[in-house]
Amino acid sequence: MTDLADLRSDFPILDQKMNGHPLIYLDSASTSQKPNAVIDAIDDFYRTTNANVHRGAYGLSNDATDRYEAARARVAAFVNADAGEVAFNRGTTSALNQVAYGWGLYNLKPGDRVLLTLMEHHANIVPWQLVSRHTGAELVYVPHTGDYTLDLDAFTELLDDRVKVVGVTAMSNVLGTINPVRQIADAAHQIGALVVVDAAQAVPHVAVDVRAMDADFLAFSAHKMLGPTGIGVLYGKAELLETMEPAEGGGEMISDVQLDSSTWAAVPHKFEAGTPPIAEAIGLAAAVEYLERIGMDAVRNHEVEITGYALDRLGAIDALTIYGPTDTSNRGGAVSFTLADIHPHDLATILDQRGIAVRAGHHCARPLARSLNAPATARASFYIYNVRSDVDALVDGLQEAREIFGVA
Amino acid sequence: MTDLADLRSDFPILDQKMNGHPLIYLDSASTSQKPNAVIDAIDDFYRTTNANVHRGAYGLSNDATDRYEAARARVAAFVNADAGEVAFNRGTTSALNQVAYGWGLYNLKPGDRVLLTLMEHHANIVPWQLVSRHTGAELVYVPHTGDYTLDLDAFTELLDDRVKVVGVTAMSNVLGTINPVRQIADAAHQIGALVVVDAAQAVPHVAVDVRAMDADFLAFSAHKMLGPTGIGVLYGKAELLETMEPAEGGGEMISDVQLDSSTWAAVPHKFEAGTPPIAEAIGLAAAVEYLERIGMDAVRNHEVEITGYALDRLGAIDALTIYGPTDTSNRGGAVSFTLADIHPHDLATILDQRGIAVRAGHHCARPLARSLNAPATARASFYIYNVRSDVDALVDGLQEAREIFGVA
Amino acid sequence: MSLNELYREVILDHYRAPRHHQHVDSPDGTAEGKNPLCGDEVTIEVKLDGDVVAAVGAIGVGCSISQASASMMAEAVDGKSRRQIDELIRKFKVMMTIEESDEQVVNTERPGAALGDLEALQGVRKFPVRIKCADLPWITLEQALEAAE
Amino acid sequence: MSLNELYREVILDHYRAPRHHQHVDSPDGTAEGKNPLCGDEVTIEVKLDGDVVAAVGAIGVGCSISQASASMMAEAVDGKSRRQIDELIRKFKVMMTIEESDEQVVNTERPGAALGDLEALQGVRKFPVRIKCADLPWITLEQALEAAE
């Protein structure tokens, strides 16, 4: 296994106990833990540099602005974007709403279609539902195949002239599936549709290149990639950001405000209404720096190995069903499963008693849960700080669950 | 002067130097500095309790959820609201956009009017402009009088049946003016209009009671009240929040998601799409706790005194014009001014060289700046950590500016 | 906190073989309860004969605690009068909220007394995350009874 | 960093009495520059005679640095050819970006040499916040010249 084990000491929370046992954190797909480097960067910002950005005509504000814009440049480079193509906001959800309200509300009309995948997170579904109420556009879904990958034949069939937007998750937070975003983008672009990529799971775990993907918009959250809560990123192609309308209005995003109407600041500030998440941007930049130091290839390799080990060991448990590809080459580290008739919530409680944190539920993907006929699953998800023995502990916990519930 | 001087040691940044001089921070209306209690609360959360909220079926997530919801309860109580009436989001700007998109987009129609004051911050103007593009509603503005208070006669005249929303800032970030929100609300309610209060400046500096104000919606930002960036608060009356639509859609704010449409979670979660600003909520609660320990009356008294002192000393400078009420009983601690023909930006640079941070510009209130015929002003604004000698330093700096620019 | 206290035999039994897990003919009151965060769902249907519950249905999907609670609750309220049910609800709530350490109150209220199988849910109290699972059918019952009025 | 280096007499003079502070009759190129964050605004109008600037207007509102820069720039480019102006722009940019400590380059490039009054803006370099004020009229000039093509 790629040896990242010595990283664990960078994460102070891993020294905690949960229910009397050392914490084994297997819920990174929900939110990741933070290394000292990130916590300290935020702390240091507030102690030494805190001021509003782009506003003050004094040294402190200038320093804060420089650090904020340097954070933007670093985050943009991390996904191979230009700094002007990257706007900070509250998170993936908020970024996708910005696309729906900023682009969708102005460009969709009755008869138009928004083509989503059935494995989208609610964050890439509900904003389109809301905007379709105002525009009359229709939502259509690409199903998945029996092996939990996107049904590309169905996609091709559904991709007709009515489709104006294709929304796709780069990596499913339930199945782990990595979708062929470039292939989807090429097909979508051929009929003139835009591609909106939910990269909330992808950016933390694999090297993402917005140009290689040819994504029109792409969204991700800092808190899932070792960074702080309260900040996310919207990438948009420069020409799109320049021509589209901002969703939110307020200070700092204007060029001029008249009584009836306003003109907008240049990109990306047009998309950052009000005081941005400043300390959070500094924290996110520290997270990116930390990930770059490890190298995204090493991150990915580590996860491929530990996920492979987990799939092997979980797969060997009787009556355990894994929902997702079993081939680590096209999946990430989120492993969803059920065990016999034990409800996932009960599994989570039993594991919790052993200090093991897994998630149980629909994972904010109800349409997918329904299509899997599994309204709830348990999910273990891995990150750089997880080790093989975490998987072993998980398997032991599941054995205890079998005993408690008398599963043969 | 109310003795808060010993608080200064709680704010680590005040030990910094700026351009070789001890920092004199007079830009709290833009963003406030943070006490150790707030910085440490965030730090501690990441080190000991970090997990996503409302999601996990394990101890850590339960603890995080408890702390997050306790933060909500504390913040709600701070403005005399119920916890269910308070939703966290990115900031005042974001909160006001939520009202515009969640309530306005669904309820405004051509012929309707949104009545704003000319002293609104862009945050309470631009969202309404954006939504009026979709709804056909019209924006109308209440002017101010020569003594920089709201022209209540004009307000009464403009308040007719066409008005569906009245937007008013509780305290102007430029003039300092405290507006009679209750009186405005009573009049607005008589014709069935809703009142949307921008309390970004009020909540940090005076005791705010949403019930005494009878506000329908009220918004404020943590970063201006000793709290972190990346989080703000939307208060709404329970019955309004319950019946209105959410602006943003995504995870955690749903009850169910079907392919075409969704149903919403109960308030206030309906208004918190996606992972909320969790560590920021903890930090905001620490800020509220800190302010409560001092007492908002003491905060207000301190600011009345220091603002009074500043008005006296600045008022004695020849050719200096103050834009705002001179009576401290109906104003806050933001003091905007110009000095002869010296551009405010030049004033800010000269003060910056002495370690004094003031803001220069239109302060995100262009319509007001135009009506004052002062496209740019310099602004000094005070908070609990400011002392009389800060004002003295400001006055000395302005005297130097006079010399440099040869003002007689 | 022992898992054995949570997952008592009787709970697993009700989870695997839920009682009253069927619709009631032309119910007087119906309510759907949902715990959107963990996904538990339960529908309670009641048919009244005067102020007595003549038939009750408790249908749902969810974790063992929520579904066992629903099953045991249905058994407990079947054939009972409103007054008796109110007393049951009160007793259940007391049982679920009392701190074990708070011996005084525990003794006075004898938590679980007269609750029959439901006493098995006492263990849930020590698992705060799961209390809302146990509560769900009861809150839904109150709504169904209200709807029947 | 001394404020005297920033606010030289000649800058305050141009600020108080801006040259070319008037519109040009039927200009060949016009551009509006705006610094939305600090509020500086400047409009540059140029009339060309062949490739020579026959008339230039520089009208704006803003801080002393932006307005003095506009005034001095207008004076400097009036009557100059495109080639000469390009050279001026280059020289100005060099002057505004060189670190004072970087003596080597300074000597080679002789910052400010041949810039006349404009040399007074050298001091701005030490006030990074204000460099964009000094730059604004020049960026706008380039746009006005482009528009005139």
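Letters A, B, C and D mark the chains in the order given here, with residues in each chain numbered from 1 onward.
The definition used in the following text is that a contact is a pair of C-beta atoms (placed from the backbone, for glycine too) under 8 Å apart; a residue touches a chain by one contact, two chains touch by 3 or more.
In this text the structure is predicted, and so the values were computed from the model without any measurement.
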Smallest count of steps, each to a touching chain, taking subunit C to subunit D: 2
Between B-C and B-D, the pair joined by more C-beta contacts: B-D
Distance from the mean Cα position of subunit D to that of subunit B, given in whole angstrom: 38
Inter-centroid spacing, subunit B versus subunit A (mean Cα positions, whole Å): 31
Averaged-CA centre spacing for the pair subunit D and subunit A, given as whole angstrom: 47
Where subunit D touches two or more other chains at once, by residue number: 37-38, 129
Residue numbers of subunit B (touch at least two other chains): 19, 55, 57-59, 252, 254, 256, 345, 349, 352, 360-361
Subunit C residues touching subunit B - in the complex, by the definition given at the top: 34, 36-38, 128-129
In the complex, subunit D residues that touch subunit B: 1, 3-4, 6-7, 12, 16, 37-40, 61-65, 67, 127, 129-130, 133
Of all residues in subunit B, those that touch subunit C in their complex: 54-55, 57-59, 62, 252, 254-256, 265
Parts of subunit B lying in touch with subunit D, wherever the complex brings them together: 19, 341-346, 349-350, 352-353, 360-362, 375-376, 400, 404-406
Contacting residues of subunit A [partner subunit B, same complex]: 12-13, 16, 18-19, 23, 25, 27, 30-31, 33-34, 38-39, 42-43, 46-52, 55-61, 89-94, 96-97, 101, 105, 121-123, 125-127, 129-130, 134, 139, 141, 221, 223, 228-231, 245-254, 256-262, 273-280, 345, 348-349, 351-352, 356-361, 364, 366-367
